[in-house]
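Structure incoming, see below.
Chains: A, B, C, D, E, F, G and H, in written order; residue numbering restarts at 1 for each.
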Amino acid sequence: LRKDRPEVVLCEGKSLDQIEGIIKLLGEKSKNVLATRASREVYEKIKNLYPTAKYYEQARIIIINEEKKIKNEKTILVITAGTSDIRVAEEAVVTAEAFGNKVDRLYDVGVAGLHRLLYNLDKLRQANVLIVVAGMEGALASVVGGLVNRPVIAVPTSVGYGTNFGGLTALLSMLNSCSDGIGVVNIDNGFGAASLAHQINSSS
Amino acid sequence: LRKDRPEVVLCEGKSLDQIEGIIKLLGEKSKNVLATRASREVYEKIKNLYPTAKYYEQARIIIINEEKKIKNEKTILVITAGTSDIRVAEEAVVTAEAFGNKVDRLYDVGVAGLHRLLYNLDKLRQANVLIVVAGMEGALASVVGGLVNRPVIAVPTSVGYGTNFGGLTALLSMLNSCSDGIGVVNIDNGFGAASLAHQINSSS
Amino acid sequence: LRKDRPEVVLCEGKSLDQIEGIIKLLGEKSKNVLATRASREVYEKIKNLYPTAKYYEQARIIIINEEKKIKNEKTILVITAGTSDIRVAEEAVVTAEAFGNKVDRLYDVGVAGLHRLLYNLDKLRQANVLIVVAGMEGALASVVGGLVNRPVIAVPTSVGYGTNFGGLTALLSMLNSCSDGIGVVNIDNGFGAASLAHQINSSS
Amino acid sequence: LRKDRPEVVLCEGKSLDQIEGIIKLLGEKSKNVLATRASREVYEKIKNLYPTAKYYEQARIIIINEEKKIKNEKTILVITAGTSDIRVAEEAVVTAEAFGNKVDRLYDVGVAGLHRLLYNLDKLRQANVLIVVAGMEGALASVVGGLVNRPVIAVPTSVGYGTNFGGLTALLSMLNSCSDGIGVVNIDNGFGAASLAHQINSSS
Amino acid sequence: LRKDRPEVVLCEGKSLDQIEGIIKLLGEKSKNVLATRASREVYEKIKNLYPTAKYYEQARIIIINEEKKIKNEKTILVITAGTSDIRVAEEAVVTAEAFGNKVDRLYDVGVAGLHRLLYNLDKLRQANVLIVVAGMEGALASVVGGLVNRPVIAVPTSVGYGTNFGGLTALLSMLNSCSDGIGVVNIDNGFGAASLAHQINSSS
Amino acid sequence: LRKDRPEVVLCEGKSLDQIEGIIKLLGEKSKNVLATRASREVYEKIKNLYPTAKYYEQARIIIINEEKKIKNEKTILVITAGTSDIRVAEEAVVTAEAFGNKVDRLYDVGVAGLHRLLYNLDKLRQANVLIVVAGMEGALASVVGGLVNRPVIAVPTSVGYGTNFGGLTALLSMLNSCSDGIGVVNIDNGFGAASLAHQINSSS
Amino acid sequence: LRKDRPEVVLCEGKSLDQIEGIIKLLGEKSKNVLATRASREVYEKIKNLYPTAKYYEQARIIIINEEKKIKNEKTILVITAGTSDIRVAEEAVVTAEAFGNKVDRLYDVGVAGLHRLLYNLDKLRQANVLIVVAGMEGALASVVGGLVNRPVIAVPTSVGYGTNFGGLTALLSMLNSCSDGIGVVNIDNGFGAASLAHQINSSS
Amino acid sequence: LRKDRPEVVLCEGKSLDQIEGIIKLLGEKSKNVLATRASREVYEKIKNLYPTAKYYEQARIIIINEEKKIKNEKTILVITAGTSDIRVAEEAVVTAEAFGNKVDRLYDVGVAGLHRLLYNLDKLRQANVLIVVAGMEGALASVVGGLVNRPVIAVPTSVGYGTNFGGLTALLSMLNSCSDGIGVVNIDNGFGAASLAHQINSSS
C-alpha cells in the first residue's frame, strides 16, 4: 500500500542527528516532506542541507520541497475558540494544505461570545469537514457539532490551567459531547486532525 | 449565628434509625424541614411519624411541616441540558422553593440544539440567579454564562457513560469554563446549588 | 438546519415514562426513529404503543417505523477485535444501516492472531470508512490505520478487567495511535461512531 | 448584551504580539482594561504603548486607563489561609476593585490556628460576599461557610506539595464541603472568583 | 517477636470456610480474637462454633472469648464529623477497647457547626491520642490538629458522593493538613487507626 | 493553647521578603526557630540578619537560635530504604532533634537486600517510635511494621520514576500496608513525620 | 505458527451462547481446552455438552478433555501473600499445570509476618520461575525478588479496600519494585502469569 | 545469596558524592559495575577515578572494569517501535550484554507500517527472549506477542505527548494485551527489562 499523502517526520523526542537522518532518507525523492513539532533550532540545521526548506513558525512545521497545489475543491474549515489555540490550528492548516486540501480559517469564536460564531453560520455550513480546536472546557466542539451536518474533528488543546490538566478537560469534554458526528484526536494533535480531515475529504 | 434557612438532613449513608432520630430532633419545632436523598422506603417510614410529610419523588426530598411561602421576589432560574438531568434539577427546585425563593424552570435546552436555548433568551436574562444542570460535557454552563450578566451556578450531573466518569467530565468542563461569573458545586449536588442561590438571592 | 438523519433517543438514564414521552413526540411523524441503549424491558413497553417496533437485542436498539433502504453505495466496514466487542459493534451497524448506509462486518480479527486480519486485507481496503471496535489494549485501531488510506473511527470498549479501567486503556491507546487518520469516540459509543461514519460517507 | 464590567485579557499562553494586538483593540476605548496573568516582561512591553498602565506585581495584573471608583457599597471580603495564597487573593482583590466593588482583606487565618479566624468573626459576618483562598487541604472554606449566612466563593490554590497535586486536593475538599452555600472556581482562579463575586454583589 | 495484642482476622474477601478455618486455628487458645468486617451472615456461622462470640453490629466486628479489661489508663478519644462516619468510628472503638485501652467518644462535631467542637475543648485536650473520623472534605482533622498537642490519627471515610471518590477527597485533605502531628490511615480503616493508637498509648 | 514545640516556617512557596518577615516576627523571642524547605539562597539572606543561624544542607533546614538539648530519653529511629531518601530522612532528623528528641539513624536498608535490615533487628526493637522513609514501592514500611510493636510513621518519598508518579506509589503502598500500626504522612514530608513522632514520644 | 499450548477461552464478558460456540469449535479436536473466568452457571451449561469437563471452583476454570501430564521437570512456584489471593493463585496453578508444568504452592506468607517466608527460603530458591500473587500493597514481590536469582512474575490482586483502588496499588508497587528481575501482569491475571511462566519454563 | 550478575548503581536522584561513594565501594573488586541513568557530567567525574570507565551515551550507562564476554548462546532480541524509543532500548542492550548475554537489535518496526515487522519474522522467532520497547500506544507488544511462542518483556516508554501521560498509555496498553506471555516493567525501565531477560535466559 502506497500512502496517499507526503511523508511526515515527528521531530519531538528525536535528536538533531536522528531527524536529519530520517529526512535525508525521504527528502531527496519526494515533494512536501513535513517535519512537525520542529523548533527553530531544528529548522536552522535542516536549512543547511535543504536551503529551500520552508519554516512555518506558529505551526512549528518545516516543509522540504514545498509544492503548493490544491488537489481537491472541498473545503476543510479550521476553527479555534481562542487566540492561544492558534498554534495548534496552524499545525492542522499547514498539514492539510501540504496534503493538497483547500483550507479556510475561522479563529477566536469561542462560546463565551456566541454571536461571533452564529455570525459565521454560512461559513460553517459550507465546509465539507470541520476541525474545531479548543482548550479550556472545549465546549465549542459541541456547539459546532450541533450547527452542522458534516463531520467534525475535535482537537483539544493544552490551553488552560489548574484542573485543565494540560488539555485533559477539553479532551474529555469533546469525547462526551451531546452532539454526535464528532471524532476526537489527541491533545494538541493538529497534525492528526488534518490527516483525518484529508482522508475524509479525499473520499471519492 | 442562626441559620437563615430551614434545617436539612442528608439521608444518603444513614440508617433508617439514624434518619428518624435526627428528624425527630428537628421536626417538631420547625417548618419545612428537608430530608434530601430520601428513597421511597425512607419516606414510608417518616410518614408514619409525620403523616403530613410530603414526598417529592423526582427530587427525592421529603418535606416535614411544609409551608409554601415566597419570601423573595427575585427569580432563580433552573436550567437543564437534557431530560436525565431533571432529577438533579428538581432537587434544586424543591430546595430553593422550601427556602422561600421564587423558582422558574427551563428544561432540555442543551447545546446540541442551540435554537431551543436562544429562543428563551428573555427568560435567561430576567433571572436573578441561574442554576445550570448538565451532564455529559456540561457545555451548557459556558454558553449560558456567556449570555447573561448574572451569577451562574453550575451543577455537573453524573449523566453520561464511559469517559464521563460519573460526572467528572461535566465538572471539569464547568470549572474550566471560558465564560466567567460561574461557581461550581459537587456532582449531582442540586441541594448545594439551591442553597448557594438562596444566599445570593437573599442578599439585601 | 434540518438534521440529515432520523431522530434518536438515548434511553440510558431516563425513566420509562420519559422515554415513552419523547418517542411519542417523534414517533408518529418519522421513519426509523431509534431508541438506543434500550433494555428489553423498555422494548416491551414501547411495543405496546408501536406494535411494529423492532428490537435489535445485541445492539440494544429499538427501531420505530423501520424502513430498510440503502441511500449510499459506499461501504462502512465495522471491525471487532473480539467476540465481547460485538454488542458495541452491532450498535454501530444497526445505527449506520438505519441512517441509510451499506454496512459490512468483520468480527474477531484482533491482533493476537494477526493472520485473520491480514487474510481480509482486500475487504479492509474496499471500505470507504472503517469503524474499529476494540477493548483491552485497543491495538487493532493502530494496525488497521496502518493498512488503509481511508478514515478510521476507533471505538474503545469496556471489555477487559483490572487496569483496563472500563475501557480507558483502549481509549488512551487509540488517542495515541502511531498511525494517523484515526478519530476516536467515547467508550462503547457505537452510535456515535456510526453517526460520524454516516456524515463522512454522505459527503458528496 | 453589553457586559456590565470592563474588558479583560488573559495573557498566559499568548505571545507578546497577540497580547498587544488584543489590548490595542480594546484599550483605547474603555476604562480599567485588565491584562491578567501578566509577567513583568509583558508589562514592560505594554507600558511603552500605554505609559499610564499600572502593574500590580503580586496580582500579576496590568490595568490600562485605571479609574478608581466604588460603584457599590456592599463589601467583598477576601480571606486567605496562608501567606503563600496571597498572590491569588490579590488577583481577586485587584479585579474586584477594578470592577467597582468595595473590597476588604483578611489574610493568614488558616485553620491550624483557629483563634485568628474566630477573632475576626465580626468582619466575616459584615461582608456581603466572601472569597476564601486556600491551598493545602482547603479546610478554611468549610469553616468559613459554617460561620456565615452569605455566599462563599472558594478558590483552591496550588500551594502545597506531594499529594496536593497542584491544588487538586484543595479543590476536591472545597467541592465536598460539609458546609453549604459554597461555589467553587478553578485552581488559582482569583479572577474568576472576583467576577462571580461582582455579579453577586451587583444584584439589585 | 510476640505481638502485644490479640489476633485479628479480616473477613472481607474471604469465603465463610476460609474465615472459619482461620478462627478455629486461633480461637481456642486466645482471648479477644477479633473478626473484622464481618457481616451478620458470618457471625451466624461463627456463633455455631463459638456460642459466646459477641457481635458488634455497627462496627461489624465479632469478638471470640471476649474479656473486658482496661490495661491502660490513658484515653483514646474517637471523634466523628457526622452521623454516617459512626460505623467506621465504632470499628476503631471496639478494636481499641479489645486491645485493652480506655476509649471515649465525641460524635457529630463536624466543622459546619464549629461551636459543637469548641464546646468540647476540654475533652479534646484530656485525651492522650485522638482518632478523627471524617468523610466529605475531612476538614475536621485539620481543625482538631490545631487545637491539641497530642498525636492525631486521621481516618478518612467513604461518606460523600460525586467528587468525594469513595473517600479519596477526605484522605487527600488529611494528608495535606496545614496542622502537623497527624498520621493518616487508609479510607474507612477504623481498625488500623485503633491499632496505631494502641501502639502509641502503650508506650511506657 | 501553647504549642509544645518551637515555631516553624515553611519556606516553599513564599518570597524571600515574606520569609524574612515571618522569621523576624518569631526569631527574636524563641529558641530553635525552624525554616524548612529553605534553599541555600534563603539561608544566605537569613544569615545576614541572624549570623548564628545554622544551615542543614541535606535537610534544607535553617535553625535560628539553635539550642541542642535532649528533653526526652526515648529514641526516634529514622530508617531509609535507599541513598536517595536520605534528604527527606534528614528533614525528619533535624526537626526531631530541634524539638528535643533523641534520634538514631538506620539508612539504606531497603527490602531488595533484606539481610541488611534483619541484621539491625535489635536497633529496630529498641526504638520508641520508628520513621520509615522510602520511595519507589515503599515496601520497607510494611516489613518494618511487621517486625516491631511500636508506632511506625511512614514517609513516602518522590524517589523513583515512571509509574512512581512523584511518590504516589510509595504513598498508596504505605496506606495499604498489610502490617498495622502504621500512620502515613504526605510525600517527602519529613517535617510532618518528625512532628508526629515528637507528639508520640512526649506522651507522659 | 502453531501455539505451543492448549487453546483458552476467556468467559468473562461473553454470553453463554458465545462461550458454547467457541468451545464447540475448539473442544472436539484438542486436549486440555481451558475456559477461564467461568462461573458455575457456565460450567453447568458446558457439562451438558462435555460430561467429562472438569470444574476448578476456586480457579474458576473449566477443563475440557483434561489430560494430566508433566512435560517439564522445572518447577513453577506460586506464592500468595494472603488467603484472599488464593483464587487468583489457583487460576495460575490450574493453567500452568494444564500447560504441562510442574507447579508448587506456597500460600499465606505475606510480609507482615516475615518469618513464614524466610522459613521457606529453600523452596523459593529451588524454583525455576516464581509467581508472586499479592494484593494490598504488594510488597511480597519486592521481598521475594530480593531473595532469589530466578525470574519473578508479579500478579497484583484486587484484594484490599479504599486506596487499594481494585488492585492498582499492588500493581504500581510491583512496577516500582526496588528488586529487579520482576515482570508484572494485569490485576488478578493469574492466567497471564501462568502463560508467561510456561513460556519461560519451556525454554530449552 | 550471591547475585548472579554484576553490581548496579542507579544514579538518578543521587548526588555526585553519593554516586562516587557507592561506586568506590563496589568498583575496585568487581567486573562490569554499571552506573545507570548517568549523565555525561557524572561520567566526567567517574572517569577521573576510573580512567578506563566506558560511557554508553545513548544508554546513559557507565561501565567500570568492562569485560566483554558472552556467557550464554541464547539470544535476547531488543525491538523498538520508533526512533525515539532507542535510548531506552539501548539501556536494555548495554545492560544485557554486560550481564553476559548475546543481544540482537530490531529497531523502528512499529505497527503503523506492519510490513517492516513481518519482514523480520524469522529474527523474531529465533530469539529466546524478546524485549519490546514502545511508546505512544505501545501496540507493538501485543503484535509481537501474537507472533512468537517465547517470553516477551514489554517496556513502555515516555515517548508521546498529550494523553500519553509520560508513558502511562503504553504501560496500560501492554498490561491489557490481548496476547499472553507478556511481562511488563516500569516506564522507560530498560535496565529492569534486561535484568529480567537475563534471569530468563540464564535458566539452565
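One rule holds in what follows: contacts are C-beta pairs under 8 Å (C-beta built on N, C-alpha and C of every residue); 3 or more make two chains touch, one makes a residue touch a chain.
Because the structure is a prediction, the values reported are computed rather than measured.
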Review point. Matching A-B on over half of contact pairs, by residue number: which of F-G, G-H or A-C?
Key: F-G
Check your understanding: What's the call on subunit F versus subunit G, same or different interface residues, using the half cut on shared numbers?
Key -> same
Revision key, fill the gap. Whole-angstrom distance, CA centroid of subunit E to CA centroid of subunit F, is 26
Exercise for review: Could you give the separation in Å between the centres of subunit B and subunit C, each centre being the mean of its C-alpha atoms?
Suggested key: 35
Exercise for review: Return the distance between the CA-based centres of subunit C and subunit F, expressed in whole Å.
Suggested key: 56
Revision key, fill the gap. Multi-chain touching residues of subunit A, meaning two or more other chains, are 147, 160, 162-164, 168, 171, 175-176, 180, 186
Revision key, fill the gap. Those chain pairs meeting the touch criterion are A-B, A-C, A-D, A-H, B-C, B-D, B-E, C-G, C-H, D-E, D-F, E-F, E-G, F-G, F-H, G-H
**Study point:** For the subunit C and subunit G complex, residues of the former touching the latter
**Key:** 83-84, 135, 159, 161-164
**Study point:** Touch list for subunit F against partner subunit D, complex
**Key:** 12-14, 18, 22, 156, 158, 166-168, 171, 186-189
Study note, to complete from the structure: Per the touch rule, the subunit B residues reaching subunit A in their complex are 81-82, 110-114, 136-139, 142-143, 145-147, 160, 162-165, 168-170, 172-180
Review point. Can you name the residues of subunit D that touch subunit B in the complex?
Key: 1, 3-4, 8, 74, 125, 128-129, 147-151, 153, 171, 175-176, 180-186, 191-192, 195-196, 198-201, 203
